[in-house]
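You will see two complexes here that share chain A, one where it goes with chain B and one where it goes with chain C.
Right, the complex of A and B next:
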């Protein structure tokens, strides 16, 4: 098992962000992490990436407690730009190469060249969309075991969404899994193997896309609208 | 990994420092040139006024250079570990203490570079580039003056005083940035107005450390206070020296203890209570 959560809880003061989450994620899957705003998706991703510490319960990645060892095998893309503005593309690539043993400079440059992004280009002068693409390329150029992508296609145009989804599919191997948190379900539905739905910090569903279609006779998008109807 | 972190911390700010260092050197050369011109054209008011302006700018650049170290160290820490860049930095496979140490070491590197640039500038302005190699002559003169002025003072006492002053100077930038880091870490614990709370925390820490420092000094120098409050009394040199050195040693230990406390505090908060929202 790649990811195991047992009775995972996270509270912020009085607020319960994650409530008794029990979850197992296998290798070789692309998983959609779905839920309305404030449901706990980002909190779960942050705990797995090591940005937040759990309040109680157990969580392991590749049978390791969250820490430096799991950070070596987890590639995380937040929902915001996290690269330093002073860097050039080359410096950003060097940064990833310096800190992640599983980072492939060749893969990163080949993807960057396809987008006509040059090594000397400064992040400061790039558009938000281009920065997000650079960030995604860096994250997906790692041979990580778990990719955590928080809203990777939010705020970009449809053409860029297609590119991002192609990049995700084309750059993970069968020993790795990808968790994609998104609201734009119809855009990613076709590439998902499994779906995890979270509501008010509780796990409401963890099924394969095929099971959803067979059992509910609906698309993932259709089921999401039903489950989370206001 | 620490070396790599330091490398990127230096790369992030070398241009800013480069501009200030270049400005410092430029002012030094200008000041030197104007000094020569004033000598050649004695009584020329234009050169005299220009020299005063340049001297004021030179002193201002000095102040800016040393103030900038703290300002840049604060901005760098805040942007890199508390704001959006923190999403990358805190997911790197490096322990949190290395993230903080890297920033601290970088501050020391830039402080050392600033001192070197200041030394070169002093050399340019004074027209004596090899002044550093002639410090022994100055030291001997200072030693003699110290022995003569203090009546009972010895060169060893002056040396001890000098060493403790150097230690204090070396600790100062580290103490200041660690207090800022601790304040930012404490501010990070709040859900709203994090920056405002960090500023508040800075002043709260400052007040607490001043109160503690005052209490320490009162206990350590109770006899000295007696001398100071009695207008009629003349403090013998040995007594004054003893209390001064004791208070400086206590102050140094106190500073080191606070530095360690701030470092551990910031490290624990960022390790266990990171709150980047």
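Right, the complex of A and C next:
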């Protein structure tokens, strides 16, 4: 099992962000982490990436407690960019190369070249969509075991969205899993194996997309609207 | 031909249907080599495991076969393809007939209507 959460809880003062999450994730899957705003998606992702610590319960990645060893095998795309505006593409690539042993410069540059992004281009001069693509390329150029993509398609145009989806499919490997958090379900539905739905910090569903369609006769998007109807 | 998916049935079933259609109309010919799972998944923008499942099912049905080192191919058995085409035609006829019955026509009237319609089309 790649990821195991047992009775995982996270509280911020009085607020319960994650409430007793029990979750197993296998290798070789592309998984949608779905839930309305404020449901705990980003909290869960940040715990898996080691940016937040759990309040109680257990969580392991590849049988290891969260820490330096798991950071080596987890590649995380945050909601907001953490690359500095003054950087050139080459500086950003070097930054990743310094940080991560499993980062492949060749893969990164070949993907960047395909998008006509040059080594000397500055992040400052790029559009929002291009910057997001650069960041995704850096994150996907690692030979990690778990990829955590927090809202990778929010706020990009449809062409950029297609590019991101194709990149995720193109980088598929059966030893690694990808968790994509989003509320734009219909955009990613066809690339998912499984979906995890959370609501008010509780896990309400963990099923394969085929199961959802077979049992409910509707799309994940349709079921989501039903489960989370206001 | 682009891939199109609706939202109510599992994607792998829809991929199977669409590949069958491509075989029946000759877009894929007997013995043609299929692209890799990854390329097909990327083209259709679907999960690679889903594409893999659809192709394995088609293989079980005898429409595809795998050569261990060189990839996946469309069946070379022309009878299988003829049968497939026939089965797809039957499905369409079935749908058509059901709709005609709903409109209140009986078998005899349906045949007459269809004959007249085809004659009309031919004269166009």
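Throughout what follows, the second predicted complex is superposed on the first by the 230 of 230 C-alpha atoms of A that agree within 3 Å, B and C clash if a C-alpha of one lies under 4 Å from a C-alpha of the other, contacts with A are read in each partner's own complex, and residues count from 1 in each chain.
Just so it is clear, a residue touches a chain if its C-beta (ideal position, glycine included) is under 8 Å from a C-beta of that chain, and two chains touch if they have at least 3 such contacts.
This is a predicted model, so every value here is computed, not measured.
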Touched partner set for A:91, first chain B, second chain C, both or neither: first
Partner chain(s) touched by A:30 [first = chain B, second = chain C, both, neither]: second
Which superposed partner A:217 touches (first chain B, second chain C, both, neither): second
Which of chain B and chain C A:74 touches, first, second, both or neither: first
Which superposed partner A:4 touches (first chain B, second chain C, both, neither): neither
Which superposed partner A:170 touches (first chain B, second chain C, both, neither): second
First, second, both or neither for A:12, with chain B first and chain C second: first
Touching both chain C and chain B, counted on chain A across the two superposed complexes: none
Chain B - residues contacting chain A, complex: 1, 4, 7-8, 11-12, 15, 79-80, 84-88, 90-95, 191, 272-274, 276
Complex interface listing, chain A residues touching chain C: 28-30, 162, 165-166, 169-170, 172, 186, 189-193, 209-210, 213-214, 217-219, 221-222
Residues of chain A defined as touching chain B within the complex: 12-13, 49-53, 68-69, 71-72, 74, 76, 78, 80-84, 86, 91, 95, 98-100
Of all residues in chain C, those that touch chain A in their complex: 5, 7-12, 38, 41-42, 44-50
